[in-house]
Structures are given as structure tokens and as C-alpha cells.
Amino acid sequence: MQTGLRGRDLISLQEWSLEEVETILEVAAELKRDRALGKPHPYLRDRVLAMLFFFSSTRTRASFEAGMAQLGGHAQFIESRTTQIAHGDTAKEIGEILGRYNDGIAIRHVTWGEGNKYIREVASASRVPVLNMQCDMFHPHQILADLMTMREKKGDLRGLTIDVSWAYASSYQKPISVPQDLVLAATRAGMNVRLVHPPEYRLMPEILDQAAENARRSGGSLESMDDFDAGFRGVDVVYAKSWGPLLVAKNDDEGASIGRKYTDWITDARRMATAADDAIFMHPLPADRNIEVADEVIDGPNSVVYDEAENRLHVQKAVMALTMR
Amino acid sequence: MQTGLRGRDLISLQEWSLEEVETILEVAAELKRDRALGKPHPYLRDRVLAMLFFFSSTRTRASFEAGMAQLGGHAQFIESRTTQIAHGDTAKEIGEILGRYNDGIAIRHVTWGEGNKYIREVASASRVPVLNMQCDMFHPHQILADLMTMREKKGDLRGLTIDVSWAYASSYQKPISVPQDLVLAATRAGMNVRLVHPPEYRLMPEILDQAAENARRSGGSLESMDDFDAGFRGVDVVYAKSWGPLLVAKNDDEGASIGRKYTDWITDARRMATAADDAIFMHPLPADRNIEVADEVIDGPNSVVYDEAENRLHVQKAVMALTMR
Amino acid sequence: MQTGLRGRDLISLQEWSLEEVETILEVAAELKRDRALGKPHPYLRDRVLAMLFFFSSTRTRASFEAGMAQLGGHAQFIESRTTQIAHGDTAKEIGEILGRYNDGIAIRHVTWGEGNKYIREVASASRVPVLNMQCDMFHPHQILADLMTMREKKGDLRGLTIDVSWAYASSYQKPISVPQDLVLAATRAGMNVRLVHPPEYRLMPEILDQAAENARRSGGSLESMDDFDAGFRGVDVVYAKSWGPLLVAKNDDEGASIGRKYTDWITDARRMATAADDAIFMHPLPADRNIEVADEVIDGPNSVVYDEAENRLHVQKAVMALTMR
């Protein structure tokens, strides 16, 4: 157990050791039991988290804000458009000033090529921990919830096979932060990872290099494929969601146009039936229903999406309680 | 006293028994005294309420949020437009997920034909109580505040006469939830109810049937009229406010056009003078001043609108403390 | 020490006695030490502040909301545009109703000719303290933070010279509340005040009369100048920021046009070098960087802008703890 987490930023899960991640998951499980028992756990009484959103959210905001309140503290919901941040305040000023008013700063900024850079600039100016609520490259709290959920359903993750797949969606060009951080985490956990996507939807090369290195160390594996159906065969975990062709497309229109070539990349019952019998279907939500995934799957017996969403709360409370105390 | 309210939804007041309503009012009175004395009452320490608004509000949001804070908890102010709710999250997902993050969900959704349906869908997916902060059909927390206020001013309500009247307003086509829930509650309380409105402003027939049945059981009465002036004569309580011709008009323009036939339906001093000497004037606010009601009445000695607004806080704290503990 | 502050409004600092201001600064220093030590100070446990914003803000909102949370209470962030305040609720209704739901009301309303009037109307209807988070005339909490910061850096303020100067900015016509309240406070503190601005940027005559009277009583002085460079010479404190020519310009366009005559009014290293060697540079932020002030100054060794911004938190907590208990 590694517990020296006070004051630590969480920007990419890869920057935290496996033992530190283990500590988070253990604390999260304890907090989940405490909440079920109604046992008070005010580890952050009267502490304050500033939540800074450059992009709207339901689960992320609701779970961080509820989590701080359950820990006895308070989370400020700050939308960048309602403030002077858009016109005048630099990242350094935000880090300096919000870091003096608060005990932690959480930021969601998914703009491609900007989000991670902004978060790191704020972190370098802040005297308190900075937590990444999703950037253009990483989504560590989602991935912690995913790890917790897979462990609850499957136990030891070593040797299990996960299908990390692209799927079609019509709504908008979603960030690549979830598949990137998931591939990194699953290879570190010793899983056999199938990364499946059409050629245009590739991830950042340095992330894949790191994931390959993770697999080499853990005894897991990383395999890239471009056959949607093949990705499902015999896997223990299906994690199929849409993202944008951000490394390829010059703009949203071009991205949407590329996507329309692959509208048959939808997770349906026929495909799920080719996975292992007890395979679980995961998705960070919101899903484009019947476009990205069929109702029969997301509402079916193999779906664990609500438990997955719930675990956001518990892992985030664990991170906050350990870093912001 | 009926106290088994933990976990109960409050969507329509009619679904709660008279004894349960009585319990709410007793707890509300105690909480009002506690606040006046500065006596702590943290019945919901570190509990969290999600407040979901599909329509803006001042009193409703401010009173629920202040109430949760005074009870030691926290209320999240979630506007549907700032989230992914508008594009992607189903009612079931909102109920499942917000129900796992929070200890209660409060919803305001007044769109005609949609609001009540949405709230019930969320409630059926939620593991925690769902509280109706106003829908297209009901406004139970307003009506609880109205009952508390009438009791504070008039004592036993049985046998008193209340004028539940339409009035003109130019601002927008307001919901019919207040008159509907008020007519139901007043007939249950044994009051003699005059429901007064131009023919186009009728309420839902099934509500009126239920109100008639309520009156039969309680010894009260229900009378429908279309003469604004006659509604005032000799009554103990004047509750005159605007609402839209929602069962008749196909759209807002047609609704506004119908309204302009009745611009003289304004509560003024001359009309108030025909009520009982000690009649009280009630209104849930905000009022269209000098259109819906004259300043001389709403700011006059018979007006109880500020006490009525204040009692929103106390009844809502009672409901939350009893259902969300 | 004057401690009878329970229930007091803070709308203009001039309305509080020097001893009362002294009490605020002493409590602020204690709260600042408590926070550094992690010593709990829940003086407002479960109390609620309504923050009403007619104009967006970063520091003001974040510091008031964090401050209430650290004191054990809660601050509601209410934007006027999200409520019915814009259409229907009068100032009296806001004061009556928010005053019944909350333990304090804080308002930011900087519209020229309206803000202060609105705040006083709310205050006269409210049963709880009303705190001015900046109006068209005054910004008392900023000035309290400025006094605290100057005392931390310079000790006794009597006899020190401060350059309260206009500077150019292109972003928008900023309120005159900071220079007005600062000139009043600095003359009361016995400082020698140089008020420096182009002729079009004059302040309200009654404010200057009051400041002159303050100086007469305190042994300080007040001098008006229109030479930007001369303002810097030998001063102990440089407080140069932009404001609009609100007493002269009929509209924003005319204001912007006047401003463009003075684009060389920027605080740079050359000008700072003419001040005293240990002169401090102050600014309430956000600054128009390299237009209003050069990076070399605001990020340089004489700048105290982050400490100044931090002290907003501590003085506001002191005001809230003393008035809202």
C-alpha cells in the first residue's frame, strides 16, 4: 500500500504507481461500503474543491460534487463561460488564485491539443492538487471506475481479454481520452488488450508505445485490429465506444464524413453473443442509443454500465480524500 | 401521526394521506421555530440532493438549496441545458445514476404533457426519493406552503371559503399545476372551494372529479364559476393567479390571444373589499404587478405572500428530512 | 475593537468606523493563520449566503463560496439571468424572500446608475445582512483585501504615498468602484493619495469631497493629477488599473473612443523604476496584460497581486463570520 498521496496531482493514471492505484481502489471499496451502511466518512470536513468545466458534463459534475459533500466538504461548480476565465485570466492566475481559495482544483478541458497542456499549466502554478476530470488525452477517474467495476465483476484482471473498440456515433467527435487511458491501464493490469478501430481512428503513437511497454512488464499483451466483429470473439470485457478521428481529420465536418463510412460499427446482441458467455459490456455514458450500441445490449443482462457509472463516485471520493486531506 | 416516510416520492400531494400531510406540517412548524431560535437541526448531515431544473426558478431553487444546507447537507443545482441531459441521457439513466450519487432527486419540469411523465420515469428508475419541484400537473411543495400559511393565519381550515381564481397576466402561459394541486388540497381539508375562471381556462377533468370526491369525503364543497367579481364575495382566502388555457390553446400565440379577452381579471382593492374583512390574499409569486394583482393588494395589509414564500423553506425541509434520512 | 457587527450591512466601507475595519482585519489575519494551520473555524455551521450576480466574476464568486464552505456554511451561486429576477421579482421581493431563506445576501451589480441603488433597496427589505460584492460606486471587500495586503507588506500605512492611477485597457469600460472606494479608504488610513487620470476619467465629486475630509481628519492628503509618469515618482504603492469614463461618455462606444487617446498609460518596468525601491504593484485582477500592465511588472518581484487576490478570501470570511453569526 502506498499512502503518501497528500498534495499529489492526478492528471494521467500512468503517472501513479500500481501500488498507489491499488490504494485508491481499496479506499474506494471502503467508501462504497460506508455509504451503503450510512457510516459517516467526513474526511474533508469544510474543505473545498474548485471544479472548472470547459465542456459540459452530467456524471462528472454530479459525482464530484456529491462526493465532496459526502466527505463533508464542498465543490464549486465553475463553468468557464460564466467567468472571466475566457477573457483575461491566464492558466497561471487560475492555478495561483483558485489554489489559494481551495483545497483542490478539478478541471475538464477536452479541446484537442489544448486540454492537457492547460491542466498542466494550472497544476504547475497551484499549491493544491489538480485533478483531471477529462482532458484531450486522459480520463483517469473514468478509468479508475472501470478498473473497480471489472474487479468487482471479474476478480483478478491478469490474463483476461478486453475488447477496446471504436464504435460509430452521430452526435459529435468525442475525445480519445477514454480509449487511451484504458489501453494504458489494462496493459498495466496484465490484461490482453485488443485495440480495434478503423484506420482513421488511431490513437497517439507515444501512448501505444507506452501501452506495449506496460504489457511487456505485466505479462499482458496489446494487439491492434481493424475488424469490428473479430474484436468481440471470446473476450471477457467489451468496451466499445465512439471517438473522433482526431489525429487525421482537420475539422469536425471531415471527422463526421469519415465516420459515416463505418455506421455498421454498432454493438448488438449478435456480436455480444460471440464474446465469452459471461462477458460484460461497459460504456462510460452517455451512449448514442441504437447507433453506438443497441438497447438490447446496454439494457441487457451483460451490461454493467450503471455500476460503472456509480463507481465514478467512489473512486473520486477516494482520490479526493487521499490527496486533499 | 404517520412517520414511515423514508424513501417516499412526493410527486402529487393527493398521493399522501391526510395524516402524512399533517406530519409534514408539524415538522415544518418545529423546523421554523428551530431556525428562529438558532437551534441546530442537521438531520441530513452530508446527504446530497440533486435538483434538476428544466425551467428557471428563483424561490424554488433558493429554498431547496438553502434548506438542504440548513439540514447539514448539500443540494446540487443542475440546469438541464448545462448538461448532457438534453442530448443523450434518458430519464431511466438519470434516475439510475443520480439516484446512486445522491440521497434524493428533485425535478422541475413544467412542459405541458411531458413534465409529470418525465418525473415518474425518473422515479421508477431511482433508488432514492424523487421530489416534484413543479410539473405540468402538480406543485406539491407550493401547496404544502399554502396549507401551512392558511393554518397559521386562520387555524382550522374546515368550513372556510377559498376563491381559487384565474387572473390575467401578459408575461407567459403559466402552468396549471398550482390551481390543480390547490383545489385538490383545499377540498381534502374540508374547505368550500370556488374555482373561478373564464371557460377557456379549465383544469383537467380527472382532477376536478377527484376534488369533488375529496369534498364529498371531507364535508367541504367544490363550485365552479366564471364570474371573477362573484368569486371574491365573502371569502376567507383569495388565491387569484394566472395560468394558461393549456387544455384549449394549440400554442402560445393562441393562448396569449385568448388571454387578452380577460385583461380586467385583476385583483384590486375594490374587489378585495368584497371579501371577508379578515380575508387574506395569497400568491405563489412572481406576480405580474398591476396586471395580475394591484400593488395596493399585494403590498397591502391582507397580503400574506412573503410568509407564504417563506413557508416554502420550512415545508420542503420537513419533506426532505422525513424522506431522505 | 468594535465587535457589534452582527446583522450589519457592508455596502460602502466608509459607513464602517475605523475601529470596525480594524476588527475585520484582525479577524481576517486570525482566519488566515487558522487556514494555514488546518485549524477548524466553523463559525457559520449550516448558515447560508445567497450570492446574487448581475455580472460575471471569477475571484469574487470563488472566494465568497469557498469562504462560506470553510466557515461550515454554504453559498448559493445565483446568476440573475438563470432566475425570474430579470422578469418579475422586484428588489423588495428579493430582499424579503432571500432574506428569509438565507442568513446573508451578497450582491454584485455594477451597472452604472443602478447597482448601488438596487443593493440598498434589497438591504432595506432584508432581515439579514447585505454584502456588496461590487456595485457601480463601491467595492468594499476588494478594498479590505487591499488594506490587509498593504499592511502585510508595509506595516503602518500612515504617511505612505499611494499612486491610485487610471491605466488603459481595451477589453471593456470597467466600473469606477475600485478607485472610489480605495481613495476613500487610503485617505482614512492617513496615506498620501495621488489620484491620477486623464480629465475624462474623473470620479464622483461627492466621493472626492469625502476623501478630502478623510485626509483632513487622518493627517493624510489627497492630490489629483493628470500626468501618468509623475504619479509613479517615489511612491510606496502603485495601484494602476483601468476604468471607464462613466461620468462623461454617453455610451460604450464613446467610452472606448476616449480611451484610445491614452493607450500609452501602461505600467511598465521603466515607470515602476521611478517609484520607491521597495514599492509594491497592486491590481485587483483580471488585468489586460501588456495593455494595462506589462508582464514584467505584474509577474515581477514588486508585484503582490496574488497575495492581494488571496486576501479577498480572508477578509470576506471575517466580514461574514462577524455579520452573519
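In order of appearance the chains are A, B and C, and numbering begins at 1 in each one.
Please note the rule applied: a residue touches a chain if its C-beta (ideal position, glycine included) is under 8 Å from a C-beta of that chain, and two chains touch if they have at least 3 such contacts.
Predicted model only: the values in this text are computed from it and were never measured.
Between the two copies, subunit B and subunit C, the Cα superposition rotates by 120°, quoted to the nearest 5.
Counting the residue numbers used at the interface between subunit A and subunit B, under half appear in both copies, so the two copies meet with largely different residues.
Chain centres here are Cα means. That of subunit A falls 41 Å from that of subunit B.
Contact of a single residue of subunit C with at least two other chains is seen at positions 74, 77. Subunit B meets subunit A in the complex at residues 45-48, 50, 73-74, 76-78, 82-85, 87-90, 93-94, 96-98, 100-102. Taken in their complex, subunit C has these residues touching subunit A: 40, 42, 56-59, 61-63, 65-67, 69-72, 74, 77, 79, 171, 285-289, 306, 309-310, 313.
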